[in-house]
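Next come the structures, one after another.
Two complexes follow with chain A in common, the first pairing it with chain B and the second with chain C.
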Partner chain A sequence: MSNKEQQQAYAEKIKPLQPKPPYFMNCLKAFLVGGFICIIGEALQKFYMTYFNFNEQTAGNPTAATLILISALLTGIGVYDKIGQFGGAGSAVPVTGFANAVTSAALEHKSEGIVLGIATNLFKLAGAVIVFGAVSAYIFGMIRYAFKILM
Partner chain B sequence: MEYLWAFLVGGAMCVVGQILMDVFKLTPAHVTTSFVVAGAALDAFGIYDNLIKFAGGGATVPITSFGHNLLHGAMASSEDHGFIGIAMGIFELTSAGISSAILFGFLVALIFKPKG
Partner chain C sequence: MKLLGRQTWKFGDEVYLNSTGTAAGPMESEGPLGAMFDVKYNDLHCNEKNWELAERRLMEDSIESCLKKAKLKNEDINFFLAGDLLNQVVTANYAARTNEIPFLGVFGACSTSMESLAVGAALVDGGYAKRVVAAVSSHNATAERQFRYPTEYGGQKPDTATFTVTGAGAALVSSEPSSIKITAATIGKVKDFGIKDPFDMGSAMAPAAADTIAAHLKETGNDPDYYDLIVTGDLSAVGAPIVKMLLSERGVDISKNHRDCGLMVYRPDQEVFAGGSGCACSAVVTYGHLVKELQSGHLKRILVVATGALLNPTMIQQKESIPTIAHGVVLESTKGGHN
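For the complex of A and B:
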């Protein structure tokens, strides 16, 4: 038997022994946590639109910054990890999950020093989001721009 | 009413992420990257703007809006500068998010001690 077949046979063999994730409960928790974070975001957006000079287009910027500040602080005191254990994707998909990835990667490598530890590892986990976002935005932007010229 | 739609739409996006994690066994990093690409793709067809009008915070808080903002900045700047504008404007709208993530992440890592 080749190595690959052996791996497949092993994966088949242990399948009944692996615990099945509680799909419904996980989804419900993710829904509640994610929805709650979005309500906070909506409230912040309203706050910035009423008390500061932001319109619907620009209010997203300070809202994201405030959520990132809250999430970074919660990560620092160790609360966000607990929210993440409970909420699963509900805490990873909102922009707070991005800030959590940045802060936790930096905290984890703090012992290696400020430059080589914190600053180097700041985007260790969250860098993938920026790379894929920029590349896809570039490609879609090119396509849309090409369409606009041709049409 | 706006809060209800924000809750429902934002929660639904997180359920999609949870299903990708549980059923398709993706890591959270894979889920967030695919959400960013999906946000840029939806914006390319003009769908995401309607979702924001409809759900407010439910559409701007999930990471899909990051991809949407990247493309939006690129397109706005390409109006003035053409092809080169795409590269110039790509981080225009998201710079607040990225710079605050760098600043707060760095400061928190300096001040707090790692847990666990």
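For the complex of A and C:
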């Protein structure tokens, strides 16, 4: 096996032959796609506030649910992975990305049955988001609580 | 002695590639070599219920068309050597359950195509078999699910990523004369230059390909231009220039006659990132296209070096790098009295 120096020399040597990631274009596309998803979210929120009995706080729930539904449908018909390849973080970070991670895992493991396939693997990708979401919510909640007592 | 140097087999006069069969998925069938494939599907499911069954269908189709062309039945074959990319080489195992030919499973990731062909040729040359069928398969969706993410997951891939070829290739090797002779094979060493990115297998595999090509040329005493083509398996647009650079550092120039199956199987405008990969990549190009060129005499002599990234997702998560390997087989046309 090659040693550390050989590995570093190889990495240096092949650098000019490797395509450079288009960071700027990726950021721009992520901004546009992520922004577009947020515009849809904003419009949905206004829709629920105008035509249904929701206020600014409570309209968030039906808005997120609708975005999740749209994302799941787009995943099912094979479109969301193409949006993801174009938009990168722009389509991965919003709630639609979370819905895509869950739905794609469910679709993938459908062939192994409902219990051991879909249910077991549903949060295979999204599980980490839930774990770190819960842990960080707890930590920041405690910090906020500590400040409240001290202030 | 049939051994040249340390790692090259020189076969006798009686080892032939008699027939081949190929099956391909939709993207491959639309590609520049689409007309060359025996069985084509316009749907990734290949009329099956799930991806794994689809891959099995492809492998069984390729074997069936290979034997049909040679007018042989499963009972006429002594051994079936096959492999694929899935855990426990399941596609090969279940294809062997169907055809009931005495079976040896082989795994060398994407190098399995030439690994199975080389071992098959050695069995025939050694008198341990009259007829051997060597087959491999890969499927884009089964490979994605096993090595990366669910098919419909919207993660962004870099330009260095490769696209697993959906297809299968089978070859019949025997001592009965045909228009293609298998004359030599070089078994590769595992090489690892510390590449850890499963989305950059071209960079990882290029040193293995360079090592096998250099060893082959040294041990056979041939110059690169002794071959009409030196074809690598799936180095893609990233690995192909690297292997040429690594070999030119050793004073070997293959820039004139080098091709890469990963760049031959798709059109440049098909969205496949850096190019094709997978066991089927070298198999469908070699057994579908190059074999026809040899049969017609357009090509006299080629060296096919199938490259394999011995990638395991668990090992990658444990921060290991990707070991790689490459095996080369020499195919010669018997047309035109070439020596």
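To be clear about the criterion, the second predicted complex is superposed on the first by the 140 of 151 C-alpha atoms of A that agree within 3 Å, B and C clash if a C-alpha of one lies under 4 Å from a C-alpha of the other, contacts with A are read in each partner's own complex, and residues count from 1 in each chain.
The working rule: a residue touches a chain if its C-beta (ideal position, glycine included) is under 8 Å from a C-beta of that chain, and two chains touch if they have at least 3 such contacts.
Since the model is a prediction, treat every value here as computed from it, not as a measurement.
J.: Using the superposition on chain A, decide if chain B and chain C clash or fit.
T.: Once both complexes are aligned on chain A, chain B and chain C fit side by side.
J.: Touching A:T75 in the superposition: chain B (first), chain C (second), both, neither?
T.: A:T75 sits against chain B and chain C alike.
J.: Quick one: is A:Q18 in contact with chain B, with chain C, with both, or with neither? Answer first, second, both or neither.
T.: The second partner, chain C, only.
J.: Touch check for A:G97: first (chain B), second (chain C), both, or neither?
T.: It touches chain B and chain C both.
J.: Give the label of whichever partner, chain B or chain C, reaches more residues of chain A.
T.: Looking at chain A, the partner in contact with more of its residues is B.
J.: Now for A:L125: first (chain B), second (chain C), both, or neither, which partner does it touch?
T.: Both: A:L125 reaches chain B and chain C.
J.: Touching A:G141, do we find chain B (first), chain C (second), both, or neither?
T.: A:G141 sits against chain B, while chain C stays out of touch.
J.: In the overlaid three-chain picture, which partner chain does A:E108 touch, first (chain B) or second (chain C), both, or neither?
T.: In the superposition, A:E108 touches chain B and chain C alike.
J.: Considering only touches as defined above, state whether A:G88 meets chain B (first), chain C (second), both or neither.
T.: both
J.: Who does A:L116 touch here: chain B (first), chain C (second), both, or neither?
T.: It touches nothing on chain B or chain C.
J.: Regarding the shared-chain residue A:Q6, is it in contact with chain B (first), chain C (second), both, or neither?
T.: In the superposition, A:Q6 contacts chain C only.
J.: If you take every C-alpha pair with one atom in chain B and one in chain C, what is the shortest distance in Å after superposing?
T.: Checking C-alpha atoms only, chain B sits 5 Å from chain C at its nearest point.
J.: If I apply the document's touch criterion, which positions on chain A are contacted by chain B in one structure and by chain C in the other?
T.: Residues 21, 26, 75-76, 78, 81, 87-89, 92, 97, 101, 103, 107-108, 110-111, 125 of chain A touch both chain B and chain C.
J.: Can you list the residues on chain C that touch chain A in the complex?
T.: Spelled out, the residues of chain C in touch with chain A are 49-52, 145, 149-160, 191-195, 200, 203, 206-207, 237-238, 241-242, 245, 274, 321.
J.: Within the complex, which stretch of chain B touches chain A?
T.: Touching chain A from chain B are residues 2-3, 6-23, 28-29, 31-33, 35-37, 39-41, 43-44, 56-58, 60-63, 65-67, 69-71, 74-75, 78, 82-83, 86-87, 90-91, 93, 96-98, 100-102, 104-116.
J.: Tell me, which parts of chain A touch chain C in their complex?
T.: Residues in contact with chain C: 1-2, 4, 6-8, 10-11, 13-14, 17-19, 21, 26, 75-76, 78, 80-85, 87-89, 91-92, 97, 100-101, 103-105, 107-111, 125.
J.: In the complex formed with chain B, which residues of chain A make contact?
T.: My answer: residues 21, 23, 26-27, 29-45, 60-65, 67-69, 72-73, 75-78, 81, 87-90, 92-99, 101-103, 106-108, 110-111, 114, 118-119, 122, 125-126, 128-130, 132-134, 136-138, 140-145.
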